[in-house]
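Heads up, the next two complexes both have chain A, just with different partners, chain B and then chain C.
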Partner chain A sequence: MKRIFLKGIKGGTGTTSIVANLACALRKSNVPVYAIDLDPKGDLGLHLGLAWEHQLGWSDYPNFASACEQFHQDNDGVKFLPYGSHSNLGLDFSSIIESCQQLNDSDDSWFLFDCPAHVDVHRYSLNEDDIFLEIINCDAICHSFAFKRLNTLKQAESSWQHYFLTNKYNSASELESDLLQLWQTELPLIAPLYINKDEVIKEATAFRNVAINCAPYSVANDDFETLAGWLVSRASQNDQ
Partner chain B sequence: MNDFAVKNSHTLTQYDIEKLLRQFGGKETDYVEIVDVEKNRKTIEKYPLLNDIALATTQTQSTKKINKNAIKNHK
Partner chain C sequence: MTNSIHSLGITHRLLKGILGLFLTKQLVRFVFIKFYSYYNQHKMSLLGAILLPFFVLFLSLFIKLDNNKKRELKLKLKRLYPHVSQPVLTPSNCIRIALQSVYLALFNTTTTSQQHIAVEQRKSWRKLTRSARLLRLADSKLVRSCKGLWLVARKQTKTKSYKAVSSSPLWKNSTLKVAFFTLIVFAVAIFVTVPFSIEAQAVFISLILVVAYSLRRVEGKMATIVMITLSVTTSTRYLWWRYTDTLNWGDPLALTLGIGLLLAESYAWLVLILGFFQTINPLNRKPIALGKDTANWPTVDIYIPTYNEPLDVVKPTTIAAQSIDWPADKLNIYILDDGKRPEFAEFAKQIGVGYLTRPDNKHAKAGNMNHAMKVTNGDYIAIFDCDHIPARSFLQMTMGQFINDSKVCLVQTPHHFFSADPFERNLKNHRKIPNENMLFYGLIQDGNDMWDATFFCGSCAVLRRSALEEIGGFAVETVTEDAHTALRMQRAGYKTTYINIPQAAGLATDSLSAHVGQRIRWARGMAQIFRLDNPLFGKGLNIAQRLCYLNAMLHFLSGIPRIVFLTAPLALIYFNAQIIYAPFVAIFLYIVPTLLQVKITNSRIQGKYRYSFWGEVYESVLAWYILKPTTVALINPNKGKFNVTEKGGLNKQDHYDWTISKPYIILLLVNVLGMTYGVFRLLFGDSSQIGVLVISMLWASYNVIILGAAVAVAAEAKQVRSSHRIKANFPAAIRLANGRTIKVKITDYSNNGVGLETDHNHLCRVNDKVELLMSRGLKQFSFPTYICNTRDKQLGLTLRDLDLEKQKAFIQCTFSRADAWLDWQENFKHDKPSYSFSHVFYTSLRGFKNLIFHAPNELRPAIAFASRVLYFVASLLPKKPTKVLKTS
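And now, the complex of A and B:
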């Protein structure tokens, strides 16, 4: 069981799009992939073809066994659990993360958690096999947040694998180009890859789908496949 | 003035890589990371917010070093 937590370092970094696209990229290897929406504002289901009218999710159930009714499967075979409308206070995100271990049907299965930006990383119960990706955009605010995060990580003596992943990179912008070069050489924990800004990601969502299916030869698709491959190598490092 | 007699390429040959490894690589390191330190410095100086953060983090590091030295001296 491989657990990947993805969280924006601030709101609007594009975390949910990454979760949906990454889930489908990982699924190409025919391994079980679960995507769990922990973000009340994420709407992960919309990226994976869930009907807009659908309101229910795990936050509408008193316990995990009943919340499992809300697992859906997209056309690629990704099983996902929407957040819902928060009509029941019986479950919180920690118990959902813990309970997901009951679904662990294979050592090769991947669990992707779409985490809300406002919940701090230290509120998650992480172990040394977990990978935590904090999504950043190439702007000065993310630069500031990343250095603040580094300070808190040093103090917490984190045991999990923590990385900053750059999303929506626009190579035509001088500031973004400057920042990315700076980060790649001087920011500790920066992932050695980034996701380019690509209209395909937005268009795919409008078609209730992901880049892999809408534009298989797009830059975005290449980026998500690279990300999936890199995560496989990171996770296999844990297995050694 | 450009010196065209000098090969000006961004692609390193195997010979270049081996030379760099001999010069800068560690005993157990099979790669060399090339960092344009000057470009990074200019980027930080160009943007005031980045400059503030760089100054603050450098100061924190130097304070920690001073504190460590103080502890050593105290012992």
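And now, the complex of A and C:
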């Protein structure tokens, strides 16, 4: 069981679309993939083809066993659990994360958690095999936040693997290409890859699908496959 | 008018009256109708028109001529005499009819319909190809079985007793070695000098050919060495025979010409032997990695000497030099501008490289670099001609040699050209046939490296400053400062090395005349070195180095021998001078097998770098032009100045360079006339001479083919693009104006554009603005571009108005990629002499066609007349009857 947590360093970094695309990319190697929406705005389902009328999610159930019936499966076979309408019936996100252990059907299964930007890393109980990806965009705000995060990580003993992942990178912008180059040389936890800004990611949601299904010849497709491959290599290092 | 009709009317009536006395009314009417139709419609003469109706009447007494029959008869005639043109009674038609009648009478032509002919042709063609295929199959089977035989022999030797013998200390005994070598030399000497009868020679040479044939495709160095030994034996034996048996002492003219030919042959033999020696064991040096700590890496100055080249040529080189992977504080780049142009100074300042000029331009390039050495102080000096764009890995690949061995003073890398040289462009075989350079940089330099005799080629190389200072800087005495400098450093005890990995690429010369000019300079320079600082003498060199230098010099003296070979067969044809004074069979048995043997061996050794027969073409083009400068330089080495090779030019349209091709055209004319005269002599001359005459004519026709190819080179093809397209294959991406991205593969690029291929059909249109995304390491660059052409999966993009930063990024992503030039040698298959010959042959045919096509205006009427005469003569010849459709 491999757990990946994805969280925007601030709102609007494009975390949910990464979760959806990454889930589908991982699913291509025919392993069980679960995507769990921990974000109260609850839009992961929309990315994976759930109808907007659908109200229910895990937050509308008193316990995990009953919430399990809200697991949906998309066309690729990704199983995902939407957040729901936030009824506060007793389940909170940490218990959901814990309870996911029960689903563990094989060692190869992947759990992707779409974490809300406003909940801090330290409120999750993470073990050393977990990978925490903090999504950043190439702008000055994220730059400050990233270095701030580095400081907090230094203070608290963090045992999990923490990485910054650049999203919506546009090399035509001078600021962005300068910032990325700076990060690649100076930011210790920067992932060795980035997701390019790509219209197809946006367009795919209009088809109620993800970019890797809609645009197999796009750079986005490559980026997500690279990301999946990189995560596999990270996770397999854990296993050894 | 009315009067004449009236008078005609009178004659008409009169004649009608007279005829009415003899013939029926019907017949009279017939005669008159016929007369008028012949006279008015067919424009026959008056007499003919009057007589012909009677002739027809007369014939009708024997043949019944109704309309149907007449039509059939006409058709039949039309079928049997298809080429007889309309007014039938002309002199040429008389010949046609006579010849055709003879042909029809003598040959069976009844069953030959067009279809039948086609079927027959197809059948015989199939038979031909099948037999060719069978031959090839047999050949490959034979070769494979020979290979198997050799392998079996090798396996069997792995027994215990063999090992005991092979590992015994006996072999290391030096007296035994000496004895063994003496024995070999002795044996070879016997084989060379013993006079054989013609039968014995036939047996001997066929044995050698059988061994060579079976060894031809066997891999391994041993087989090569055996083949070389055989070639040395046969060629030396041939030369020995020539010296002892074939000089015609009785005929002074034949003796003089014969000695001339013999000297040329001796030259060829010497070059052959030295070539074998030079390339017997190419070193293939590998790069040595540098230490991890960059603080210990030495400082390097990069010199980019320029004189009159445009800034557009120098710019990419400078930018790429800046992008070489080396600690920035240890890398200094200088543009050495002998043109002293302000825009160069400004460019240098703008991008932050050094700009050096000097008060005078003494000693050209060498002087320029010597001046730069005085004002710079790096430990090493890398030199790039201003059009050679270095790859980023250049210093990483080369500098290890210096660190590894403190005696190394030079690391040379190949000169690779991304544009087609004049041969490639004008013959349209760029990247299909290895070019002239390939042999030198692919094989000879690696062979030289084995003997510690790598030459310095003036660019794409790194030199050790201390070594240069020891010999007093770059040599200025000759026009090829590079070779001379290396020679001096070798004399001073330094080693030169070569790494056969292209780490820079440049522009080839862009016209044949510029190409020839460059070669003239090299030839003159080499001849100068030969006179001023002869590598055969003087101290500091070992014998192998001397021989390598000797071969290099000899290569440039090929002018006279080549012209001798191109004219030698004519001596017999024109003057009946027996320059090879021997019976026809002996000549045949000595020359042909020896040539075959040498060709096979050379094809084996050089096959990947030069295809058979192309060497002759290259040499023939240059022969006349290097003849004079080398001779002059040998007599007076201080004459002549440094001429700069022009590059980066354009040919606006196809044209034919008549001035440069004049010598070959004259040679060609002489040869063609000789051939014609030879045919004449074959028909009417002394029959005892036929054998020798045929050999001479075969040789002359070979010369005509080679000269034809040389003539083909002079047809300058147009070159419209000022920036050359370079083939590539690496991934990139584009982002369309709507924000979508597409993965692409870069298929080619140039200074200001790229060609792409997408995985699926795209929907781009010309003039769309797209962003090109290319990566260099982890860094991605984005370039604003416009689409300039589209085909289903292909896209052409132009880069417009890039600022300096972006230009730099673009060059880093393309030209200076470490792998940019790596595939240059892998493109070529191993030589196959027969294919290569047919290629040369077709090139030669194209050469003749070019000659006619580009003929000057004054000659055009003559050519038109000649072709008309040919057509006319051809039209006289009998033709097979063709089927004519009934309806026509």
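Note that the second predicted complex is superposed on the first by the 238 of 240 C-alpha atoms of A that agree within 3 Å, B and C clash if a C-alpha of one lies under 4 Å from a C-alpha of the other, contacts with A are read in each partner's own complex, and residues count from 1 in each chain.
The criterion applied here is as follows: a contact is a pair of C-beta atoms (placed from the backbone, for glycine too) under 8 Å apart; a residue touches a chain by one contact, two chains touch by 3 or more.
All values derive from a computational prediction rather than experimental measurement.
Asker: Output check: A:H143 vs chain B and chain C. Expected answer is one of first, second, both, neither. What do you get?
Answerer: A:H143: touches chain B, not chain C.
Asker: One more residue to check, A:A172. First (chain B), second (chain C), both or neither?
Answerer: Second partner only, chain C.
Asker: Quick one: classify A:Q181 as touching chain B (first), chain C (second), both or neither.
Answerer: both
Asker: Counting only touches as set out at the top, which of chain B and chain C does A:D120 meet: first, second, both, neither?
Answerer: Neither chain B nor chain C is touched by A:D120.
Asker: In the overlaid three-chain picture, which partner chain does A:D92 touch, first (chain B) or second (chain C), both, or neither?
Answerer: neither
Asker: Of chain B and chain C, which one contacts the greater number of residues in chain A?
Answerer: With both complexes superposed on chain A, more residues of chain A are touched by C.
Asker: Contact-wise, after the overlay, does A:E69 reach chain B, chain C, both or neither (first, second, both, neither)?
Answerer: Neither: A:E69 stays clear of chain B and chain C.
Asker: Check chain A for residues that touch chain B in one structure and chain C in the other, and list them.
Answerer: In chain A, residues 181 are touched by chain B and also by chain C.
Asker: Which of the residues in chain B end up touching chain A in this complex?
Answerer: Interface residues on chain B, with respect to chain A: 33, 35-36, 39-40, 43-44, 46-47, 49-50, 53, 57, 60.
Asker: Inside the complex, what are the residues of chain A that reach chain B?
Answerer: Residue list for chain A touching chain B: 140, 143-144, 147, 151, 175, 178-179, 181-182, 185-186.
Asker: What does chain A use to touch chain C in their complex?
Answerer: 169-172, 177, 180-181, 184, 192, 196-200, 202-203, 215, 217-222
Asker: How about chain C: which of its residues touch chain A in the complex?
Answerer: 733, 735, 738-743, 758-760, 771, 773, 778-782, 784
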